[in-house]
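What follows is one structure encoded as structure tokens, with my remarks underneath.
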Amino acid sequence: MRADQLKSAIKASLAELVAYSDELRDLDQALGDGDLGITVSLGAGAIIEALDELGDDATPSEIARACAKAFANANPSTMAALVAGGLLAGSKAWAGRDDVDVAAAAEFVRAAGENISQRGKSQLGDKTILDAILPAADALAAATDGREGLAAAVAAAERAVLETQNLQSRRGRASWLQERSIGLKDPGATAMWRYLQSWEKAGVLAEGAR
Amino acid sequence: MRADQLKSAIKASLAELVAYSDELRDLDQALGDGDLGITVSLGAGAIIEALDELGDDATPSEIARACAKAFANANPSTMAALVAGGLLAGSKAWAGRDDVDVAAAAEFVRAAGENISQRGKSQLGDKTILDAILPAADALAAATDGREGLAAAVAAAERAVLETQNLQSRRGRASWLQERSIGLKDPGATAMWRYLQSWEKAGVLAEGAR
Amino acid sequence: MKKIINKPEQFVDEMIEGILLAHPDKVRTPGDDRRILVRADAPLEGKVGIVTGGGSGHLPLFKGYVGRGLCSGVAIGNVFSSPSSQQVFEATKAVDGGAGVLYLYGNYGGDVFNFDLAADLAELEDIPTRTVLGRDDVASQPKERKHDRRGVAGILFAYKAAGAAAERGDSLEEVAAVAEDVVEHTATMGIGLSPTILPTTGALSFELPDGEMEIGIGIHGEPGIHRGPLETADEITDRIVGALTEDLALESGDRVAVLVNGMGATPLEELYVVYRRVHQALAGQDVAIAKSYVGEYATSLEMAGLSISLLKLDDARLELLEAPAQSPFFQES
Amino acid sequence: MKKIINKPEQFVDEMIEGILLAHPDKVRTPGDDRRILVRADAPLEGKVGIVTGGGSGHLPLFKGYVGRGLCSGVAIGNVFSSPSSQQVFEATKAVDGGAGVLYLYGNYGGDVFNFDLAADLAELEDIPTRTVLGRDDVASQPKERKHDRRGVAGILFAYKAAGAAAERGDSLEEVAAVAEDVVEHTATMGIGLSPTILPTTGALSFELPDGEMEIGIGIHGEPGIHRGPLETADEITDRIVGALTEDLALESGDRVAVLVNGMGATPLEELYVVYRRVHQALAGQDVAIAKSYVGEYATSLEMAGLSISLLKLDDARLELLEAPAQSPFFQES
């Protein structure tokens, strides 16, 4: 996928993502403060706007960096800062690239996950977005084809999200609920899952895309 | 009635008055802030205590002055200040007396009423304690015998109290209710009526007392 | 009853005890009665004393305004009840520095009768007194009956100005004139959104259906002039500022002091939202704000609501507002 | 929703506009973004800047502590939400006087991640930063996990001390050490009686049956350590003071600073009733109060409740607390 294709694909997928913002708001209302829906919808809008303003010659790394900046400022929050930091880390992993494939995507998601884990002092099983990111990175890494990789990542993230229902939140606002957090899906993890689904829905990966 | 008899009579009547404090509280709750019950019960107690401490040689005027002081400080409020001022005015009217009769009582009540009217900038019909005081003073003035005078004063005060139900409060906290004050008895006027009744109940006037 | 208290009957005394423990260098009780507080340095020889007082439940009113450049003493009643004449009289004696004492408090029956009785007692001891009543609540009476209006938050301006006048050595007549002049040029209107719970009885100070507001409400929950569905901050502010500017007959080019006062439960954030609109509304009439106060200056326990007060300024009034003052609850430097 | 506001989405910006209109001589916005406020005289050449920040809804926290002898700047988030890293970074640039910038704010995930990102941005522009987190809420974590505690009202002590250190010209390392030292010796516990209503959603910050209290509640309504029937002021105070003195390991002869802080709807009267008991309880352990604050210093909109904070004092800490300071919301002189 070339840089310009990447840009269109991100925009198309974010347009899909917005449809999930009510779900994310409700999940975050139950476990936190309910702003995740707004963070995601304002964040998506801000990224789309930023990408529109980006020159045609922007590299994949520059595109990711623009996404990071836009998302960080759209609706300041935990998710805004962690995801923005993750996108920045991913953009560094893409330095020098002109196009990206499923292996590059795996690299990107892994770098983002590691950055979030480090900044958030969070680990797999803490019931955070990380629980969806790391399995998705694994699934992408195991794939050779873009579509197949995406499908595997969506499936892995979905499993992870369902699994968070059995977990107690150990990070962020949700952790204040202690045992009462058990039984509910983690909003951040759900956001990651829904974002991967949005790529599928947008149908932006050409058949056989690597 | 000699000074020592007056002292006992006041104490006995105040002991009766306390039984009305719940009624007064409820009336003041409806039209004001509900503290009149406390003002009357604490005030009665304070007067009884003050009279107990008063020397046996106290004149009627000194007795009235002691009542004023005790009532003023027991539970500070409109009623405490107005009644205390009225009692002081009454005590002045009794200056030089060694004993009191129904004419003296009329004089006392009239002086008290005038003082309250002046201090309170209130007039007959403003739906205040004055509405009961002035008719009671008139009734006492028209009588030649203590018991008869008291009975007439009680009856006059009762009529006045019932009449206040048709009036709108023009003074004090109750006036804030404006038209909504119509239909309710004035608490202060009721207190005056109940106090006169307490003299009857205590049975402190000897047959044929002047 | 969502109150952090002990026995309701002890509420006022325990609160005063807390104030005395927290500010021993600033206020003291002159005698045995804790219901009387005076400036730690009272009496000030040769200076006019200022005694205020009223019911509890309005902190920082009244006791909060005892200090340098403010009142000299206060007599403290039970919640929403007047102090006794004896207490006012004791405060009077404790602050009299030989130049007489001004009684400056809000126009409420119980307070008036007790202060008047105290004035009689003071006269017997040759302490001259003058009385000026805060009566700034424009919703409590129409302009024709201005003198019967209740006193609410706007008395802050009178405290500040009279206190400064007393501090600079004005005579009793002069201090009283300053207070009267400020009261004359002060107008306040409040809005209530939820009632106060009286600690002793647990009764509500007034009833208001959810989602309604009462404009013109008094500081004890006295009924106002308009009850209706809750409006926006801007609509409410425009209503109130409109009424106040009309009452004070403000004209283009005038200067005012503004007090946006929280009644208790309303967050400071909302007071600033309202202040912003007051500024805009006055600017629209070419009236300048030369001095502003935003915060809780006269409360009604946990009532939700606020009031806006305006003082029409001239140079003399502004100078007095800007003079230094210091109490545990109020500072100007 | 008993709120005097306009569009909920405009609430924070209108409030800031009000602050800027009311205090133009004390605070300003360095650029176009109203969510950043700095001291009117920032940057101070050669002096360490202090940037704080966090969600709105806590006035006077955080923006109220920007001023002389306090913080230099603040980045302001939505109600109970963090500011962005960009806003923190803008504040950093605006207050940097060449001696570096201390980030001093409460330990909440969203804030931490955004301030950390801002620190990265500052590093790119060669502005050295240090971070000290307020983490005084003893109910949020046991002593073994002290470093994960949330920050609440006790951050006032750290602002005051670090601000005084910066004002006297301490280096970044020194100012950070002062702040860390004060945080280390501060402990707070709160009690909540009624929730906050979030302006945007109308949702309650927590649920509490009538007549119940939650001891250890957080500043956004985070659950505490004990829920039960409402107790008396003295019982509540004894519980909290007991927990705090144990946490700080106070001993006979120690000195402390005390902050009795109202959360919003609780009347000032009740805070003084509680202060009185704090004084008694500490006196009973032979612990002296060398400095006290009673009032609203860190609120949670219209939540009913209060918190008590203790800072264990030594001469150095006390001196810094007593140094002059001035903001629109806080004065020490």
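A, B, C and D are the chain letters, set down in written order, and residue numbers restart from 1 in every chain.
To be clear about the criterion, a residue touches a chain if its C-beta (ideal position, glycine included) is under 8 Å from a C-beta of that chain, and two chains touch if they have at least 3 such contacts.
Only a predicted model underlies this, so the values are computations on that prediction, with no experimental measurement involved.
Common neighbours of subunit B and subunit D (chains touching each): C.
Placing every chain at the mean of its C-alpha atoms, the farthest one from subunit B is found to be A.
One inter-chain figure worth recording: subunit A and subunit C are separated by 57 Å, centre to centre, where each centre is the mean of the chain's CA atoms.
With centres set at the average Cα position, the gap from subunit C to subunit D is 29 Å.
Work out the mean CA point of subunit B and of subunit C, and you get 33 Å between them. We define each chain's centre as the mean of its Cα atoms; on that basis subunit A and subunit B are separated by 81 Å. Taken as a graph of touching chains, this assembly forms an open line, each chain in contact only with its neighbours along the path. A complete list of chain pairs in contact reads A-D, B-C, C-D. Taken in their complex, subunit B has these residues touching subunit C: 29, 33-35, 69, 72-73, 75-78, 80-82, 84-85, 119-120, 171-173, 176-178. Of all residues in subunit C, those touching subunit B in their complex are 77-78, 80-87, 109-110, 113-114, 116-117, 140, 198, 201, 203, 218, 220, 222-223.
Taken in their complex, subunit C has these residues touching subunit D: 1-7, 11-12, 14-19, 21-22, 56-57, 59-60, 191, 193-194, 210-211, 230, 232-234, 236, 264-276, 279, 292, 294, 296, 299, 301-302, 304-306, 331, 333.
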